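Here the structure is laid out as C-alpha cells; the discussion comes afterwards.
For clarity, chains are labelled A, B and C in written order, and residue numbers in each chain start from 1.
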C-alpha cells in the first residue's frame, strides 16, 4: 500500500540525511565484536565455537539501538500524533515501521558481517547465501516484536532500558535458533541439517509478525 | 468477603494435609535419589500453577484489551504477581533438588531454563506496570499476550539447544515412569496447589478492589 | 440518528465522560455545534479542554458516552472522521530533518491526496514560506514552523478544524497569519472548535462559547449574548463560585 511505502520512505530519508543513528549503531556493533575478541585467545578452538554467538550478540545489541530509533523520531513534536490523526490504519503504520526496521537492521548487519569474518578469520563467501537466509529470518523475527515493544518503551519512564528488558526474554527463540544455525553453517553443515532451526525461525516470524500487527493498535492508541 | 473464603481455605488445608501425609508416608522413597526426590511433589505443582497463572494473565489481558474493563486488568495483574511467587518456588526447589542429584546448582536443564525465561517475562510484566507510566495497564496486557504465546517457542528452542549437549546427568530426575502411588500423590498436591493459587488470587484481587475504592473515595472528597 | 439531524450538527456529544485511573477529566459533557459555526471553549488549566479536543480528534477514546462528528460516530467511524478533521496544537507535528515540502507531501500521502505538490506550493506561497520550502524545518524560526503547522492542519481541506490553544507562543507575524486564515475559513464551509484561555482572542471570531471547569460545562451561549467588556469579570466570577466540580 502506498501509505506503508510513504512511511518507510520518510524514515529512510530522515535516517540518510542525518546518518546519526546508523553510524553510531555500526560503530557500536564493531566495538562489540572487538571487545568480545579480548575474552579469549584469537584463533583458538574457543573462538571458533563462540564466534556465532558473538556475532548475534553484536546484532542484538545494535538491533536494540536501531529499534529505538524508529520511534524516537516520532517523539519530537509528537509527530506520531500527527500520523495518528490521519486516516492511516494502525496496522499499516506497524508495517511501515516494521519494514523500515528490517531495512535499517539489515544494512547494519550486512556491513558488520564482513568485519566479523575479518576479525574472527571465518570463511563466509562460500556459505554466504545460507548465512544471509539465517540473518534475514532472524532479523525479521527480532524486528517483529521489537517494533511493537519499541512503541511501548518509548512511552515509559525508563525509556532506553525498557526495550531490552522487554525484548530479550521474548526473542530467546530467535537468538537461539539463529546462533545455532549460524554455527552449524560456519562449521560446514548444509541447509538440510539446520532445517529444524530454520522452520522454528520461520514459524516465529509468521506468528509474531501477525500477532504484533494485530495488537499494535492497542499500544499506540490512548 | 473473608467469610466466603472459609470453605475453600478449609478445603485447601484438608487437601494439603492429605497431600503431605501422602508425600511422606504413602509414596515410596525413590530408589536412586532417596528422600530428596520428594521435592518433586512441591516442584512440579508449583510449575503447574505458574503456567496456570500465566494462562490466566493471557486470557485476562485479551479480555481487557478488547473491552477495557478495569476488573480484568486487575485479575491479570494479580495473577501475574501470584504467578511470579510460584515460579520463584520452582526456581528455588529446582536447584535444591538438582544439587544432590546432579552435583551442580544449575545445569541449564530445558524445562528449568524455560521456567527461568517465564520468570523473566513475569518480572518484565511487573516492571512495566510499575514504570510504564500512563497506559501501563495496556502495555502490560500486550506483554501478557505476547509472552504467553512465546513460551511454547522458547520451550522448543531450548529443548533442541540442550539435546545436542547431553545433560550432565544420567539419572532422569523423575525416574523412568511414575509409580501409581507417586502419581496419586502428585495429583493430590497438584489439586492442593491449584486451590491455594485460587485462594491467594481471590484475596489479592479483593485487596486490589479495596484499594481502588479507597482511591475513588479520596478523589470524590477532594 | 436520522440523516436530517446528521446534516445539521457538525458536532454532537452525548454524556461524554473521561476518567484517567480514578481522576475524572470530563464528566457528562453534552454539546451540539451547528455546521459552519465557530465554537470557542474557555476554561482554566486542567479544566479538560485538551482532553475534549483529543476525544473529538479521535486521538483518545472516551470512558463512556458517544459523540458524532458530521454524523459519524467516534466509536465506529474513526477513520472516516480522520479524513475530514484537521488539528492544530502546540506541537507542530513536523519532522525537523525534513523540508516543508517533504513534511507536507508525507502527510498528504497519508491522507491519500494525489498530485499534492502543486497545491502544497501554492499554500506555502500564501503563508510566505515559499523561499524556504527546501530547507530542513529545523532551520526555520519558531514562527515559521507555526505557520507551516497551520498549513499541515489544512492539508486535507478538513470540514472540521480543531485548535488546541493555537495562539500560545506565536509571534506577531504568525498570530496575524493564523487570524487571517481563520477569518478566511469563516467565510467558508468549515466548522471550527478552538480552546483557549486568552479571552480577547477567543471572543474575536467565535459564534458560540462554552466555559469548561473541572470537567463540566458551566456556561454555554452565543457570542451575541456576551458583553465583551464585562466578560472577563463575569468569567472570573463564574470560575470562582466553583461552578462544576
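To be clear about the criterion, a residue touches a chain if its C-beta (ideal position, glycine included) is under 8 Å from a C-beta of that chain, and two chains touch if they have at least 3 such contacts.
Please read all numbers here as calculations on a predicted model, not as lab measurements.
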Checklist entry - Does B-C or A-C have the larger number of C-beta pairs in contact? => result A-C
Checklist entry - Any idea which chain sits dead centre by C-alpha averages? => result A
Checklist entry - Using CA atom averages as chain centres, what separation in Å is found between chain A and chain B? => result 32
Checklist entry - Quick one: chain B and chain C, Cα centre-to-centre, how many Å? => result 50
Next on the checklist: Roughly how far is chain A from chain C, centre to centre by C-alpha average, rounded to an integer in Å?
Outcome noted: 39
Next on the checklist: Show the residues in chain C shared as contacts by 2 or more other chains, in ascending order.
Outcome noted: 61
Checklist outcome for this item: So chain B residues touching two or more other chains come to none
Checklist entry - Can you list the chain A residues in contact with two or more other chains? => result 222
Checklist entry - Where on chain B does chain C make contact in their complex? => result 68, 134, 212, 215-216, 218-219
Item to check | chain C partner contacts - residues on chain A that touch it in the complex | outcome: 2-3, 6-7, 10, 13-14, 17-18, 73, 76-79, 81-89, 221-222
Checklist outcome for this item: Listed in rising order, chain B residues that touch chain A in their complex are 65, 117, 120-121, 124, 127-128, 131-133, 135-136, 138-139, 141-143, 145-147, 149-150, 153-154, 156-158, 160-161, 164
Checklist outcome for this item: The residues of chain C that touch chain A in their complex are 54, 57-61, 79-80, 82-83, 85, 87, 89, 91-98, 102, 106-107, 109-112, 136, 152, 156
Checklist entry - What residues on chain C touch chain B, complex-wise? => result 20-24, 61
